[in-house]
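Input: structures, listed below.
Across the two complexes that follow, chain A remains constant while its partner is chain B and subsequently chain C.
After this line comes the complex of A and B, so read on.
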């Protein structure tokens, strides 16, 4: 495999990818834990490794406004945030998506205030899942580096032209280093063409963005965006094939189906804790318990058909929610209703039972013991063919200490 | 999943990026919001254009003689031009002091 072997944390890996992608405009504002990315990028710009405009914004809302204008003028842009920074910039997400500016926002996620909790939780950027951005999580620093390149390629494709949230778990991925192969410039040049805009903003040839319309024109613009999000889903598999061909690393397009032991029950997970889950699966196998893992690679676009097909092979699916949506249907988190909708059209004999586990909230690590508890609940439900209850809160369940299967 | 097709007569430019407008829409004036009107003292003005670039409504332009001109149909009277003028050439005068008034729309918006 070509490239230089390094030992990097997730944010440092993204900075390497930004350098290879020759980002033009970077807008920064500090908030833990993503600030490390901007520190790294500012060092690269200062010592001449990366030729980019590095702008200090006055806040996250300003950050997004800056890259919105820069992207509309033809620059490849990068910005980022965490936690309440992501929600502070909220107003800008829809205009950037509707204006079809392929901005990339690197998110090292963080629990939303109150109070100040630096720990990782997916809620901060999941709030923005309706805004028309590509969104996905990286499990390892290598995946974070690769996602940066893949998202630029996907978002800047003329048929798509959508902004992207390049997410990773705060601390678990953003700060804990791992083995990373940093590709060579020639490989990146082959994979990622330069960003070309048909109608860039230009004082000599002015264009208007987002003019006032009459309401009967509204549905057309909404449908246009739905069509391009669908188009993104269509071209993702081709991009992954290209990635494998050029860089030698294979990524499943939408979900990673990890079922080494032919299990009947499956955990549905998003983000870094999948890493621990794989060890749990190996340990459980040695105890004679079979568990599978379905890891989400893209939250948006959500691959309904592919996920339904993958989950239909199991009797029980446990959705791990490292996020919150107080008062949501079925009272778990954000992914349970999405998975339920995905499974809804399956014929009854192929539709698995659905349990939710609230785990990893506040940035707490999901321990191996927690995975064993979840596996036990899945297996018991499969045996009884009946739900004991639909939602479990890890850390608060009374029978958590009893791990006999 | 396939989506319905958008018929040709309804199609709009992607991202609604349109050519810069050449005319004003008479029914969409917002100047009626103003209670303090910015007045530029053309003798004091140095044509530095700080007011022009800071106007959040793009309501200041440069006219044929090179002077800064405020478009009263769209100026909402925020006062940023007066606050940022480098020589203090812009004063804010109550709208009711003027004889001519920006025409209100017949219908409320």
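After this line comes the complex of A and C, so read on.
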């Protein structure tokens, strides 16, 4: 495999990718834990490794405004944030996707306030899942680097033209180093064409952007955003094929169906904790317990058909909710209603039962024994063919110490 | 800074010597007698074709670009009312990077934010301050019609003391209507941002002065700011035929003071040696109809102190 092997944490890996992508404009504002990205990028700009404008914004809202203007002018951009920084910028998300500006925002997740918890929880950026941005998580620093390039390629594709949330768990991915192959510039040049905007803010080609409209002119624009989000689903598999051909690393386009032991029950998971889950699956196998894993690659666009097909192979699916959605349907997080809606059209004999696990909240690690507990609940439900309890809060259940199957 | 800078010719000697070419063109639905629309036309004329306008939400967004009409011969983009300064900073950063890296072959553009008083002095102040502090090569204009006008004339920090708006109605408990003195936005920008080389107060009452201030500001490398007093018939409640009269009366009574600070040198413009009483200005506008004699005296004292503060010229070293 071409490239240089390094030992990098997730944010440092993204900074390497930004350099390889020849980013033009970067906007920063400090908030933990994503700050590490900007520490690395500012150093690359200061020492001449990366020729970019590094703009110190006056807040996250300003960060997004800056990359909005820069992207609309034809520059490739990168910004980022965590936790309440992500929600502070919220106003700007729809104008950026509505303006079809493919800015990239790197997220290292952090729990929302109160009370000032630094730990990773996906509730921050998941708030913005309906704003017309591409969104997905990396499990490892390598995947974080690769996603950075994949997202630019996807978001800047003229058939899509959408901004991207390039997400990774705070600390678990952002700050824990792993083996990373940093590709060669020639590989990146082959994979990622230069950013070319059809109608930039350019006096040589004057256009008006974002005028007021009649009410009946609005739905057309909304429909366009819906269509291109759908279009992204058609394009993603080809991008993954190209990625495999050029870089030699293979990614499943939408969902990684990891079922080494022919299990009947499966965990549905997003982000860093998939890493621990793989160890749990291996350990359970030695006890004769079979558990599978379906890891989401993209939250937006949500690949309804592919996810339905993957999950239809199982009798019970446990949705791990590393986020909160207070008062939501089935009273868990945001993924449970999406998964339920995804499965709704399956015939009854193919439709798995659903259990939600509230886990990894506030930056808590999901431990091996937590996965064993989840496996027990899934397998018991499969055996009894009856859903006893739809939601478990890991760390708050009375029978968590009893791991006999 | 980029080398692809174009210097605009200055000064424009008279209205007749101004460019015939319009960059702000017909096709909008601003009110009859609209001060901000006139300001826009003059500013765009002075800036010329190598210009990008950023339009934070406000009258000059809503009334100009209604129903997909875009009355500009140059590129224009809407921004949120909060972030004109931020988006413009990004446009500027993009052109700096793209020209330096050979990704753009044209000239460095004039980048102008056309923000209302709310979009520059209130909800958008943070973004404007960021752009000024970082000294991006751009111009922020505050077209000041002294209210949030397009939403139906609500009070802003620039609304004069004693003015009635739809959020400051006069009543038995609050007879004077608006109770706070307006912000001094130009001073806030200049004295708060040490890298800013050029700021000015201007008015549509003196169009040649306004156009020349725009050119002077654009010819500076770095951030500049112009506060343009822009009379509003609808919001201030005077007849649409009297817009320019109101603009001049504001200068004659001291309700508006024209000046510039150019690289540390302050110069007063059009300030009469003897001021007319403010009452002459106040009585012409419906928004001040409710004022009592004591309120008028209070405004007179405030204006007197502002005029005294403006002269003699107080300069700061660059």
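Throughout what follows, the second predicted complex is superposed on the first by the 401 of 405 C-alpha atoms of A that agree within 3 Å, B and C clash if a C-alpha of one lies under 4 Å from a C-alpha of the other, contacts with A are read in each partner's own complex, and residues count from 1 in each chain.
As a convention for this text, contacts are C-beta pairs under 8 Å (C-beta built on N, C-alpha and C of every residue); 3 or more make two chains touch, one makes a residue touch a chain.
Worth saying up front: this structure is predicted, and the values here are computed from it rather than measured.
When both complexes are superposed on chain A, chain B and chain C end up clashing with one another. Counting the residues of chain A that each partner touches, chain B and chain C differ, and the larger count belongs to C. Contacts of A:95 after superposition on the shared chain: chain C is touched, whereas chain B is not. When the two complexes are overlaid on their common chain A, residue A:109 makes contact with neither chain B nor chain C.
When both complexes are overlaid on chain A, the residue A:220 reaches chain B alone and has no touch with chain C.
By the touch criterion stated above, A:306 is placed in contact with neither chain B nor chain C. Within the superposed three-chain model, A:61 lies in touch with chain C and out of touch with chain B [touch as defined at top]. Look at A:230: by the touch rule set out above, it reaches chain B but stays clear of chain C. In the superposed model, A:212 makes contact with both chain B and chain C. Applying the stated contact rule after C-alpha superposition, one finds that A:161 touches chain B and leaves chain C untouched. The interface of chain A with chain B overlaps its interface with chain C at residues 99, 206-213, 217.
Interface residues of chain C, counted against chain A in their complex, comprise 49-52, 54, 61-62, 65-70, 72-80, 82-83, 85-98, 100-101, 103-104, 106-107, 109, 126-127, 129-130, 133-134.
By the touch criterion stated above, chain A contacts chain B in their complex at residues 98-101, 161, 199, 206-213, 217, 220-221, 223-224, 226-228, 230, 304-305. Taken together, the chain A residues at the contact with chain C in this complex read 22, 24-25, 27, 51-53, 55-59, 61-62, 64-75, 77, 91-92, 95, 99, 194, 201-214, 217. Chain B contributes residues 1-4, 6, 10-12, 14-21, 25, 28 to its touches with chain A in the complex.
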